[in-house]
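Paired with subunit B in one complex and with subunit C in the other, subunit A is shared by the two complexes that follow.
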Partner chain A sequence: MINPTEYLPKTYRVRMSTYWWLARWPYLKFILREGSSVFVAWAAVITLLAIRALQRGPAAYAQFEAWLRTPVLLTINGISFFFVLFHAVTWFNLAPKAMVIRLGKKRLPNAVVSAPNYVAWLIISAALTWVLLRG
Partner chain B sequence: MANRITLEVTRFNPARDEKPTLDTYEVPLRKEWVVLDALNYIKDHLDGGLSFRWSCRMGVCGSCGMMVNEVPKLTCATFLSDYAPGPVRVAPMKNFPVLRDLVVDTSDFLLKLAKSKPWIIRKVEKPLDEEYFQTPEQMDAYKQFSMCINCMLCYAACPVYGLDPLFSGPAALALAQRYNMDSRDEGASDRFDILSQHDGIWGCTFVGECTQVCPKNVDPAGAIQQYKLAATMEWLKALVLPRGAE
Partner chain C sequence: MSKRSNEPLLWLLFSAGGVVAALLLPIHLLLFGLAFPLGWLKGPSYESLLALVRHPITRIYLLVLCSLPLFHWAHRFRFTLYDGLQIKHLNELINVFCYGGAVFGTCVAAYLLLRVR
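Presenting the complex of A and B:
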């Protein structure tokens, strides 16, 4: 029951637009960051398909490679590459937000907390490149 | 620099209007004037009926938060000259019900703030003549979060709060974290059940705009992510040590 003495003013409530994320760049950037997960999933699917093709033999792998070279796949994978990079960078930059690391009396700067992620990324990428290009 | 600038101000009279309208005013553009000065000029010289909140004029009281060109700002710290040649659009803070003109109803925030228990909780209080000692490092752990002035700009910037009014919101969660990290406090477990709910920290999708608009560099987004990590560790501890997790 409504208390008759309660302060019940008439107010105006603005309903949030469905397209609120287009109103300002930071919101659009957030939606792109969240949406990048779809492309990360796509990259995982492509990797699984590559492993399956490898397992089925040289003919299946050649067919898979030919499929990858089609304009549609090249376009999708080009866009995916950009979004996977965007996803990785935004995720690595999140680390110092969630983790406060203190060394003695001082809090480690954000860049120092993010850095090990980038170093690991670089080392793993270099190792993979070496394995792939070795012949 | 032109010597006048146009302000487009949102007006809403609950006794007369069904929805807000825009009124346009021309005010002097002075180098040292902030948006709040322009609003006071309008009230003093052009339209005495314009309603807005303000008090200290120096970024301490947190009363004069409004949307300036769609961005939540403390109007006492937002210089008119940064918006020249204008026009400058001044609107009430987003995500809150509008009471009149630029005044919003903040009751929902105050309820949520109280729920997060933003005060020091002790299991046993020390006698009044004894002190709670704290080292500068212990104070440093929470000091940033304690700078919050309850201006609610973070709520106006948070799309999660706009879409889901049940979400506790940035300031209430940051202030809970401020007390959790205080070495004198023993109330983390009291706050845990309220804050680790879906409408608490897990409602946050880390848009990060709360931190960007905060005039006191409180970093509510950081506080929430740190709380998420702490809550996950608590959950893991309870899973691994179901009987000894306390």
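Presenting the complex of A and C:
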């Protein structure tokens, strides 16, 4: 006799759609946050390209600057900027979840734990802008 | 003895890359990707930028700026492919592509930064 269930999986499994993350906003937000890593990588790549152009000489660097002015690159960098910003905000807001600080018996509010991140972010951004605009 | 996992090291690189990317990349992208090309602000000249990059501290800074965010991407992207698209069967290929890409990017950065004169 052939056992009809012989080749079936032993445990019950729920089939999940490949597009499960489109079903709800928190799921989509999760995937967008994870997807921001692609734009983070792009920002690193564009920095590498800038260093390469700089190392090759003034003509190569001028060409690189002209490339950055093309509509395609401006669009990519505009979108990338928003994703990198999204990464930064979600990353800073993660701090209170990763690090629970208690004062006495009370838990420090989330905003107090993530605030130093934002302050550091502003100071670093201002300092970098100052260094680059000085010359 | 049980096999040691390299997951903690990869997670550490992911986490460090996340911090670097959050603190430094937005302003870099805003200035070099939008503000300078669109003429909102006048960008630094080639000479002053080169003088900056010649400094050893800037070179170390740029190496970190290029390398760690790539490891952050590698780790996150790998798990996005696992969970989001559920392609677990390509496990090894994805690992090589992600972490290999980050290692390659780091080597390129080190090579370029050593060649700047």
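What we mean here is this: the second predicted complex is superposed on the first by the 118 of 135 C-alpha atoms of A that agree within 3 Å, B and C clash if a C-alpha of one lies under 4 Å from a C-alpha of the other, contacts with A are read in each partner's own complex, and residues count from 1 in each chain.
Here, a contact is a pair of C-beta atoms (placed from the backbone, for glycine too) under 8 Å apart; a residue touches a chain by one contact, two chains touch by 3 or more.
Since the structure is predicted, the reported quantities are computational estimates derived from the model, not experimental observations.
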Discussion item. Touch test for A:13: subunit B only (first), subunit C only (second), both, or neither?
Written reply: first
Item to complete: Report for A:71: first if it touches subunit B alone, second if subunit C alone, otherwise both or neither.
Response: neither
Practice prompt. Could you say whether A:21 touches subunit B, subunit C, both of them, or neither, answering first, second, both or neither?
Written response: both
Item to complete: Tell me which partner A:133 touches in the superposition: subunit B (first), subunit C (second), both or neither.
Response: second
Worksheet item: Residues of subunit A touched: more by subunit B or subunit C?
Response: C
Fill in: Overlap of subunit C and subunit B interfaces on subunit A (superposed complexes)
16, 21, 34
Worksheet item: What part of subunit B is in contact with subunit A in the complex they form?
Response: 12, 14-15, 17, 19-20, 70-71, 94-95, 97-99, 105, 136-137, 140-141, 159, 162-163, 205-209, 212, 219, 221-222, 225-226, 228-229
Practice prompt. Could you please specify the touching residues of subunit A with respect to subunit B in the complex?
Written response: 9-14, 16, 20-21, 23-24, 26-27, 30, 34, 94, 97-100, 102, 105, 107
Discussion item. Looking at the complex, which residues from subunit A come into contact with subunit C?
Written reply: 16, 18, 21, 31, 34-35, 37-38, 40-41, 43-48, 50-52, 54-55, 58, 61-62, 65, 68-69, 73-74, 77-78, 80-81, 84-85, 87-88, 91-92, 117, 120-121, 124-125, 128-129, 131-135
Worksheet item: Which residues, counting only subunit C, touch subunit A once they are in their complex?
Response: 17-19, 21-34, 36-38, 41-46, 48-53, 62, 65-67, 69-70, 72-73, 75-77, 79-80, 83-86, 101, 105, 108-109, 112-113, 115-117
